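In what comes next, chain A is part of two complexes: it sits with chain B in the first one and with chain C in the second one.
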Partner chain A sequence: MSVVTLTMNGRLISARQGESLLQAAREHGIEIPTLCHLDGLEPLGGCRLCLVEVRGSPRPLPACLTQASEGLVVETDTAALVEYRRMIVELLLAERAHTCSVCVRNGRCELQAMAARLGVDHVRFEYRYRLLPLDASHERFTLDHNRCILCRRCVRVCDAVEGAHTWDVCFRGINGRVVSDLDRPWGESTSCTGCGKCVHLCPTGALSRTVDVGDEAARERASLLRILERRAGIREEGA
Partner chain B sequence: MTGTELAVLAEAEDRRRRGGEQRLLVCCGSPCMAAGAESVLSALRGRLAASGMATEPDLVGTGCRGPCSRGPLLTVQRRDETDAIFEHATPELAVAVVDALSRGADLPGEGRLPERFPFLTCQTRIVLANCGLIDPDEMGQYIGAGGYNALARVLHDMSPEEVCAAVSASGLRGRGGAGYPTGLKWQLVRKERRDRRFVIANGDEGDPGAYMDRALMEADPHRILEGMAIAGYAVGAEEGYLYVRGEYPLAARRLGKAIAAAERTGILGSRVLDSRFRFRIFLRMGAGAFVCGEETALLASVMGHRGEPHSRPPYPSRQGLWGCPTLINNVETFANIPAVISMGAEAFAAVGTAASSGTKVFALCGELVNTGLIEVPLGTPLRRIVYDIGGGLPDGREFKAAQTGGPSGGCIPAAQLDVPMDYEALQALGSIMGSGGLIVMGEGSCMVDIARYFMGFCMEESCGKCVPCRAGTFELFRMLDRMANGIARPGDMEDLERLCRMVRETSLCGLGMSAPNPVLSTLRWFRDEYETHLRERRCPAGRCAMNGEAVPCPS
Partner chain C sequence: MQEHRETAPLTGDPKMLLVDRAMQRVQCRPDALIEVLHTAQEAFGYLSRELLAHVAAVLGIPESGVYGVATFYHFFTLQPPSEHSCVVCIGTVCHVKGGGELKDALEKRFGVREGDTGCDGRLYLGTARCLGMCSLAPVMVLDDLVYGRESPAGSVEKVGRALEVRSDRNGAGRTGRSGG
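Entry: the complex of A and B
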């Protein structure tokens, strides 16, 4: 495999031919933000956070979809790019109801972390305030459209890794939303295997485990009982 | 069918037409159909059958004739006389015309377009040469007008390289809007080292007010098929797809008929015109998404996926349909190809300007005396189109702006009326040539309202794949909506411009990249109007509601 040399943020770095700029940057400790990309999934180029400036290109290019090639001169953190990224995060926050305080992912949310990382301390756009439905029909998982950023990780992992293609996107533009099967409740999906890959990859609280009901709660209690049992044993020994 | 048979057929058609004394042409394009062309046609048919004339005139239902606002149009062609064109034709008029013809009397004097009607005489019709003059459902009439001659010549006398070279030499540029050199695109596809290649004609026209492609597909479908077959031969493709917008059922029906007729006679199929070239064309209907006019979204739609664009590169010329090299041109570009071959590249390049050769079809609409479909050489001044062809604005109203390029384009102000209509000149003014929609506006139009309308269109049509287009057009629409309702916030103007730049720079495909153009171009020429809306909470044109209430966003 041939190696190419390019300049990133003024530094000469080497990359494998055919590798994306995003991968090349990561290998050299340069973090380019992204919310939709995950190694191993088909690159989408949807969130536009990984846009970088490439000399000779009239407009910024997505690092996840741009291949490293010999002699490229790339800037990943210019003032314009940082401003665009902030606006993208603000647009996402205004688009749906991302109310962190009552979100299951509060503190572990990638959108929240991205906002903090980019210094988004207010949103200049008017919030949409549109209450979207919540699908809690699945016995173990919940889908909350209000937290979805349409990154389509769930769609891609379900299709490419699990091979079920339960998820897809329905409607378009601002009204787009992910649907299971042909827009049936998740719980009634005949293709869903219940593997949970979508939940594990969801960057926000859109997909989560329904931990408070059913079997899940019972298992939580069983493990706690085991801990208590051990604790009781230790106490006995100490006595 | 061989080249000789083609010539024999053309001659027979020519003789048949000469034999008839008169022809009656009824425009059956969508606008005239909507105005009642069907009833005119059946009245003519009924009266002709009852009249018992010795040599019954040819009755032809044609495609678009041009002056759509005057429809339904009835043209009477008589030997050795200039054509008589009746506007707003009615069944009663049809009866009167047939009676006059059967008696050999003079035709009714009322309701006729002037003999030298500038709308028709100021045009140069190359692409629309047959439009309104032949029956689109009769392949023989297209052949009689010289159709499929270019294809026969290409197959028998030219190598694929020579065809590509001829198209390059003609200087033809893509008519879909961006103006990419057609010959260059063909050569790119030709050079790819793959066995399987495709040709796609993009008939997914969606700009509000634009209907050039529809008229072309409805009026002269065989010309598009011929252009596609020539392209297939030149780039080495054996399969072509014709992608027609779902809202154009009439165009799709006529194209389907044309394809079937061409296959039946061996003009398309496994031995095209008795050569060793094999070419088939498949029809694909869209499902009502504007974004499918974007080439990568169109590819997805043809392959049966959700109509969404993907990032380029790879360009379709390298990886298109099912990963194979694919040539995508607009239907109007393909309709130019037979003319490039039969006129010769030099003669074609002599029309228009040096950098933009040939003609362009425009759908002329808005506040004009005459609206309709026109074809003029590229580089024709806007003033000539508006005042000579369009007849100026009604009631002597003042010209304010002309909108070109639909939701991807911009407005040209009155001060720039002398701009030559070519790719570069329009771009320099912050607009684009686009596919050919041309909307003329008078003093009663508000530029904020126009920008708001187009932004609403882009918001509705965004596929939602990338954030700037999905959420950005939504926020832009809300800002413009606030301005139009007199409830804009002080910082809205700056936010509007900043967000426009961001959406333009960061969107994934052409839809998002160009969505801010109507705002940016109206801001450039009519900034004071925005200021008045914002600071004085007043609409100078009296168009915006300014009622202090936001219109609820579509859910």
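Entry: the complex of A and C
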């Protein structure tokens, strides 16, 4: 396997021929943000957050889909790129009802973390979202279109790893959404194996394990009962 | 996938023969999907779920993949065509001459939204931006017949009359949607 040398952010780094710029950067401790890429899934270039500037290219290129080659001069963190990335996250936020406070993934969400990392504290664009349906027909999982960023991780893992290809994306533009089979409710899908791989890889709260409220109550009650016990003690003392 | 290819829930329908023949002609290659969907839509006027499922099974493509393609392209329609189609021109001249009022009157009277089908699926109401008949403005096209210098009351009456007659002219005239 031949090795190439390229310049990234002013540093000379080596990479294997055919490796993506994203991989090469990661191997040298240079972090390029992305929301759709995962090693082992087919690179998609969907989220556009990994855009980098390559000398000689009139436009930024997605690092996950651009191959490292000899003599490339790459910048991953210019002011313009940071601005693009911020804009992309803002557009994602404007497109769906990403209401973190009532989201199952609040605090563990990749979109939320990315927004925080890029310093997105407001959205400059008009919110364009409509309230979309929630599919809770599956016995163990829930799909909430309102949180989906169409990264297609679920589509790719279901196709390439599970081999079921239950998911795909239908319609386009702002109307685009993931769909199971011929737009059947997830619970009635004939191809879904219920493996949950899509749920494990979802970067946001779009795909989640359905919380069993009964279980939750039983688990959480103990700590609350301790608080109530103390409270009862205080009220007695006060009386 | 071989056992999948045997399933043919819609065989017996002569229109289905056209679709099956189109798939045989391309040796059931998955990359010929769009070509096959074109044939299917020409034969049936729209793409039903059963039809999409059949095409998916024969070509060996996941159902969600076929659905994704069928919904991506505006050419394909998944709704059965309506019995009657009414297209109101709202191009510049028709707009000035009251095309919008025609549309509003029809929407109100027949409870159908522009770009949608109403009256139990019997009437499709569409708009077009200039049909190239500005001298007749405002123009309405009802079931492929052009009505010029139309008034809101007149258009409601004509569409009402068309709806009184039950016909089975399947979905002609759905094409004037985006106009010229």
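To be clear about the criterion, the second predicted complex is superposed on the first by the 211 of 239 C-alpha atoms of A that agree within 3 Å, B and C clash if a C-alpha of one lies under 4 Å from a C-alpha of the other, contacts with A are read in each partner's own complex, and residues count from 1 in each chain.
Operating definition for what follows: contacts are C-beta pairs under 8 Å (C-beta built on N, C-alpha and C of every residue); 3 or more make two chains touch, one makes a residue touch a chain.
The structure displayed is predicted, hence computed values, not measured ones.
Visitor: Going by the contact rule set out at the top, does A:150 touch chain B (first), chain C (second), both, or neither?
Guide: First partner only, chain B.
Visitor: Of chain B and chain C, which one touches more of chain A's residues?
Guide: Higher number of touched chain A residues: B.
Visitor: Does chain B (first) or chain C (second) touch A:172, or do both, or does neither?
Guide: In the superposed model, A:172 contacts both chain B and chain C.
Visitor: Which holds for A:126: it touches chain B only (first), chain C only (second), both, or neither?
Guide: first
Visitor: Which partner does A:46 contact after superposing on A: first (chain B), second (chain C), both, neither?
Guide: First partner only.
Visitor: Which partner does A:87 reach: the first (chain B), the second (chain C), both, or neither?
Guide: First partner only, chain B.
Visitor: Using the superposition on chain A described above, determine whether A:203 touches chain B (first), chain C (second), both, or neither.
Guide: A:203 contacts neither chain B nor chain C.
Visitor: Please work out whether A:159 is in contact with chain B alone, chain C alone, both, or neither, and reply first, second, both or neither.
Guide: In the superposed model, A:159 contacts chain C only, not chain B.
Visitor: Of the partners chain B and chain C, which touch A:60 in the superposed model: first, second, both, neither?
Guide: first
Visitor: Jot down the residues of chain A that show up as touching in both complexes, chain B in one and chain C in the other.
Guide: Looking at chain A, the two contact sets intersect at 168-169, 171-172.
Visitor: Can you tell me which positions in chain A touch chain B when the two form their complex?
Guide: Residues 44-48, 51, 59-60, 62, 65, 80, 83-84, 87-88, 91-92, 94-95, 124-126, 128, 130, 149-150, 168-169, 171-176 of chain A touch chain B in their complex.
Visitor: If you look only at chain C, which of its residues touch chain A in the complex?
Guide: Residues of chain C touching chain A: 49, 52-53, 56, 62-68, 71-72.
Visitor: Can you list the chain B residues touching chain A in their complex?
Guide: 289, 291, 306, 310-311, 459-475, 478, 491, 495, 498-499, 502, 505-508, 513, 553-555
Visitor: Under the definition above, what is the set of chain A residues touching chain C in their complex?
Guide: So the residues of chain A in touch with chain C come to 159, 164-172, 179-183, 190-191.
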